[in-house]
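These are the structures, in structure tokens.
You will see chain A twice below: alongside chain B first, and alongside chain C after that.
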Partner chain A sequence: MKLPTLNIYSLVKAPLIHQDLIWDLTFLFGGLSVVYFSCIFYYKSKLKKHNVDKAKRKKELTPLVSEFLFYNEKEGSLPEKNSYINKKIEIRELLKNHKNKAVLTEILLDLKIDVSGETRLVLFKLYRDLHLDEYAFECLHSFKWVKVARGMFQLTQMQATEYYGFISKFINDRRPVVREQAEISTVTLLHEGISYFLDNTKYKISEWQQLKILEVLTNLENFDPPRFYKWLTSKNKYVVLFSLRLIKHYDQNDGEKSIITLVKHKDAQIKKEAIHCIKKFNFTNSRKQLKAVFWKNKVDVKIAILDTLAEFGFEEDIAFLETVENKESNFLVKSKAISSINSILPGTVVPTENIEVLTPEENSSIKVNIKEETLKVDLTEEEEEIIEHILTEREVGIIDDNSIQTKGSKSSVFESLFNFCDLETKLFMIDQMVEIGSKKEALFLQTLIDHGNKAVRKRALQVKLQLEKSVDLLENGIDYEQNETTAKKEDVEVKIVENVNVLLRDNEIQVIHNTQLKSLEFCFLKEEVVVPKPFDILEVEFHMDTLKPFISKERQETEGFNNVVEANGGLTKDERNFFNKYLEFPNSSKDKFNG
Partner chain B sequence: MDNGVFNIILDYINIVFFVFTVVLFTFFTLMGYLSTRNSLHYKDKNSFGDLSKVMASPLAPSITIIAPAYNEEMTIVENIRSLLSLKYVDYEVMVVNDGSKDDTMQKMIDAYDLEKIEQRIDPNWKSKPIRGIYKSKHRSFAKLTVIDKENGGKSDALNTGMYLSTNQYVGCIDVDCLLLPDALLHVVKSFYQQTEKRVIAVGGVIRVANSCVINGGALEQINLPENLLAKFQLLEYTRSFLLGRMAFGWLDSLLIISGAFGFFDREIALAVGGYDTNTVGEDMEIIFRMRRYMVENKLPHTIEYIPDPLCWTEVPESRKILINQRDRWSRGNLETLYTHKEMFFNPKYGRLGLLSYPYWFFYEWLAPLLEFFGFFSIILFYYLGIINLPFFIAITSVIYMYSIMFSLYAILWEVFSYNQYNKTTDILKLIGCALIEPFIFHPIVVFAAVRGNYKKLFKIKSGWGTITRKGFAKAT
Partner chain C sequence: MSTIKLLLAEDDELLASLLNFRLKKGGFDVAICTDGKKIKEYLKDNTPDIIVSDIMMPYFSGLEITDYVRNTLKLDIPIIILSSAGNEENILNAFKLGANDFLSKPVSPAELILRLKKELTNKVI
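== the complex of A and B ==
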């Protein structure tokens, strides 16, 4: 037996590439290039020809359509009627050509956008008269999905409601484009179409489809939406999601229990949508549920929950929000928790980072500088009288210092205004804080020391120090005699005015909350923030209760507060009766002055 | 014997080139077929209905368009104006001034009456420090937000915008790009029409705006570029966007969306850490990372691609700038492919690992290098007298004919789908470009690619380079 000789050389030898094959390929590609070259110009010319042909047909058909649209059968004379009938015959003849049918349909679809009312109804009638609906209906039986969808689209646009039954069968078609068009058509053709759709759809409803269906519903005339909460129990989660969105859109707040339950749904989108509904309808009963599910969720759902709590949360929710703030690692959620806390109780959390702490030396050195600047406050005679009066009362010991408490908002009234005004107003507001500021303003000014604007920073620092000085004077009691010996008389006067201002403001806030007067915040927000006026002591709204701290408790108890007020420069009995009878009783001394 | 072995080696080299070429032809032919199917489907699907009706829908999502700006003082005001006039209700334009050295910031402040606002920023967020966030005092510019930050590059600027945005979707565009008014409607549709998979990003065609007439931020007249280099690029973009990406889109294997027009699901983009600031191919790299993130977390996802001409940009008209641009692209390509090398023929990543990645590796990265070295080998072999001349001529001819055929197919498809260049002379000029492109334009691109790879290999520092824009022609 002879073993085959191993020819290594033949094994390592590269297989031969047939150059003829390469040249064949070259000619093939060359040939295809020529074909494509021809196709480019053939198609270009075909396109041009098609456009010209279409324009020609449009030119021929458009006047006929216009004539049909605006022809009035009742008022038309006999020759006009004859002409009308002849044209109808003519157009029917033209419609035997499929190209004409397509062009005419296109003309009618375009016209539908431009006409309305009666004319639009005539247009729909004409569409049927010319049997174009039958042509579109034929398309529904086509194997090509694009033809079926286009047929449905045309019938829908022309309000061919008689085909509703045929079209609605397609809502569960396996071809996506056909199915989606069927859904739109079903909802458009009949008002109850939306119910049918939500009841029967088995497929997922894309976000885009939801958007389009909502747009259709919004444009339906005299549409009375069904109660969408009925579909919140659907097995198709997309139906549930869409129903929630429809509930929100149509303000249907009758499914509270179901909506709150959906907060526990496994799908994050449904959960989020349910939370949005809860927020919109203020379902405060959901607070427990929201807090219970909070930790299991993703960031966006957590933020939605916090946002909702911010909207209608109570003080008892603060503890939960604080836990979130402390435990949550995500910055956005943490920030949202803080903002929610501040929404429920404004000013609870104040900035702590990047706040400069000044050393006592720095403080005193600035104080010395400020002392050199003399504050000038121009007071009218009336103002001086009031101050004199209050100071006299104070000197005789009527003022009960314990009764002077800051109530109401925990943050400065300026804080909410500050971010919404321009630089000039910001500086103006800071200036005003010298006059009416208290501890809260001092705290707020502390935060402004880190402000991005240099001018704001500088002014805030100056005013803060002035304010701290005056607040100190107020809180620690002022030894006027000592002051008289150590400082100039004018300085003392200014300090007194500042303290009185603070005093008045504190009391005024307290009373506003008690009597539900228009609050100072609102005065600023609605009127003052646009055109800020200089502070005027008489512009401040304060109640007669302002005098309460100045009247001894014993006297109030024995004589009654109102009597004391009336006897101490308040209204006379006659005045009071007059106002009670004809006008609102003036609650402020400003009212009284005006009166 | 020695001579025999050498001949065998040469024969094998021929075989390698031949196989490479055949696979390339097969791949490109398949791409042509798939893109045709996808385009026809897209065209039919969008042949009826009106997009604009849904622009103000309460269900329409909010979008942030992030436009990084660096030394754009000449065009910034006009470009922002164009971005503010898009046909959509709920969107925000966020311009990130990336530490411009010129007057870009001041121009914006003056033109749009901007004022600084306070906003808390995550102290752990890694990007260059933000100097300030600005909003306009005027209601008419309420959609505009300007972020002023220290220079950190395009990726850093985009990351900052992405972080500060609160909207569900973010669009990262070049500030000098012109978006057509209904661009956002198409984007929203692409994001919203899927039910089976989550759409993590949407990309689109980039069209060449050189020599086009723009007025008030609107495209008034489409013209073929006058500059030859721009014409070549137009042809290249047509091939790449209308055929290449459309085919990959059909296969759900897109691994890149253009940095000039890319929209992202913000949640996923942030989950992967945003753009990589250490690469110059950030637009490709983020897609790789987002894809990997989704695959590794077993989350069904897709990337949508819009073939409609929605974004128009100026392409380089000077050879130097073009080379710089392509140099950067090839460096970015190499960096991204290297970073994600685990994907190479990795079945775990499905089509991405078995098809897209190898395509990018062999035909986007390796092919220019092979061409370059092949060219010099041929010269060397010719000099040594060992060249198989008939084979060389045959293979060169087939490649040349194929490139022409493919370009003509792209032009045909452009005429069939959008027919943007109405004049017959324009089409003839494009065909002319297809004929001479392999001799004039292609060598430049190959050279730039080799230079980029060389720089990357030898760690020669090179950044983004600058592209000098001429600005769009204004209507007269």
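== the complex of A and C ==
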């Protein structure tokens, strides 16, 4: 049969471009590249020149700095004094040049890091003596944010406290770099700086900035921190948050009422921080407040509240915790409530009395017993045979004791996961419920029928119907005698496979099918899962198709292909011998690997 | 009194220059080496009375130099280690390899001179 052909050349046609235009473009781009590389070369050489010049100036100025730092007026002899005075004149001359000022400042800043003790104090004095502080102060008036920030940094490093007033004005600067440097400088230069900063700042204080300020405060010598509860009334929520953190850091428990009130704050982060403070300082009076605000909060705040109640709750709080356990739909919150009950009244949930401590050997024997007991059900011989066959095939492995979970939760495991995933994953999870779902999943799917997304609604309905069918089947049992005439053996096998799965689940055992990981739930297991054997190219058996169909009838007759005895892989005996002799086909995996 | 020969192994030229000035003023004859290779070369031809070495240096660290002096050259010269990373591990390693003293950066030049004098006195005793 002749296939229709498509003349591709009729579709593709090169546009006509004037040759002059191509030349023009070539010259244009050539010229641009020349300019580009010239600029790179120019700036690179300029930078190199600048570095060389800087190194030269450093070499010139460093001995002078050393001389000034270690000059002792009392010990110095007359020639030394004269030399010192001459060098002072010399350096003042040099400092008339702005470049020298910058280099000298850099030298002093570098040395400040490396030296300590009296030498450092002399260094600060020298900085002022050479009027480098005035040079830095001039930078504060620059319109370039880099210069302003650099000026503030230099003055802070050299502990020029007399400039505190000028620097602190920048804490509400609209340029973030300048503002952040001003905040650090204000806090560093004077001990009162932190109070001024918290009083006046109007901008957001980033987490990173909070950490830096905290570090500065920690390194301040003889720092007496102010009572930070005073700033809990600030209009800037970041000040409130930072104050709470500082309260926690400095263990200031004098703001009990304010902290408890902040549990009702609109911002979840402040609420959480306040709850952490309550927990740390054991403000037991807050229990009523915590319980009152509980239901309005998000999951993380709810967990923080339950955690706090677990820390200092009383028996009166058990009723509230039980309500949470029954009413709360989120699995994590529910679990936390149960855990809190157990913390307040040990032995309520997890038994603690008359419990023997088991040795590791005994623990491992329990594992085996559980496996045996799980499979003890009233089944016919035929069913037992099939189950055994399936279990052997699937290599069902029971993971260690940690995986044995109590089925305290009445809601589906998918429910808590469902809220945190995207649409695609949600649909995937719904699909998974057909295979591993039970009654709980059916109930959960019922709630999804009213979901905002159409795709989710549709899929949930389909899966729910399928799931209900299979759950009914499992609950009513499988009557072989009734179905014997109608159901095929294969169908029975499938049903029993499902039955086994549900059986294992209902016996509160979590099973991992080594070779058939299907559910997303398994992704959230802590235990190590045996990964199915990956595809190994070396294990693939290659077969050559028989040559016969590709050889013409005439050739088959002349060359005796009619007498060909088809052997393994479609080769004749002679061909196979030939290949084995000369080509050495690899037989084992090792041979294949070695080529 | 003859001058004391001191080897200052420090890759930071600025600090080396500053310490050099102070040590010379304190009566030491200072030789500066800015990397591990130069130190080894210097030690092949010269034997200083005392070594002050930074830990972090190009080619060979201060700890390696200490090991080289103690185990290869078999010299009993007092060695003072300087380091900005004054963590416990570094300090212990320095002493294990045979360093006599350890100073954390930022360093006080006055303190360094006192420690040098102390080490030299101990050596004489």
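Observations, loosely collected:
Throughout what follows, the second predicted complex is superposed on the first by the 319 of 595 C-alpha atoms of A that agree within 3 Å, B and C clash if a C-alpha of one lies under 4 Å from a C-alpha of the other, contacts with A are read in each partner's own complex, and residues count from 1 in each chain.
Following the convention adopted for this analysis, a residue touches a chain if its C-beta (ideal position, glycine included) is under 8 Å from a C-beta of that chain, and two chains touch if they have at least 3 such contacts.
The structure presented is a predicted model; accordingly, all values stated were derived computationally and were not measured.
By the document's definition of touching, neither partner reaches A:L78: not chain B, not chain C.
Contact with chain B, but none with chain C, is seen for A:Y43 once the two complexes are overlaid on the shared chain.
Looking at the shared chain after the overlay, A:T62 reaches chain C, while chain B stays out of its contact range.
Chain A is touched at more residues by one of its partners, and among chain B and chain C that partner is B. Once chain A of one complex is fitted onto chain A of the other, the partner contacts of A:T119 are limited to chain C, with no touch recorded for chain B.
No residue of chain A contacts both chain B in one complex and chain C in the other. On the side of chain B, the complex with chain A involves touching residues 4, 8, 11-12, 14-15, 18, 25, 44-45, 47-49, 53-54, 57-61, 115-118, 120, 122, 124-125, 132, 137, 188-189, 191-196, 267, 390-391, 394-395, 397-398, 401-402, 404-405, 408-409, 411-412, 415-416, 419, 424, 427, 431. Partner chain A is touched in their complex by these residues of chain C: 12-15, 17-18, 20-22, 25, 105-111. The touching residues of chain A, counted against chain C in their complex, run 58, 62-63, 65-67, 69-70, 107, 110-111, 113-120. Remark: chain A residues 9, 12-15, 17, 19, 22-23, 25-26, 29-30, 32-33, 36-37, 39-41, 43-44, 47, 145-146, 149-150, 153, 177, 203-212, 214-215, 238, 245, 249, 300, 331-332, 335, 419, 422, 452-453 touch chain B in the complex.
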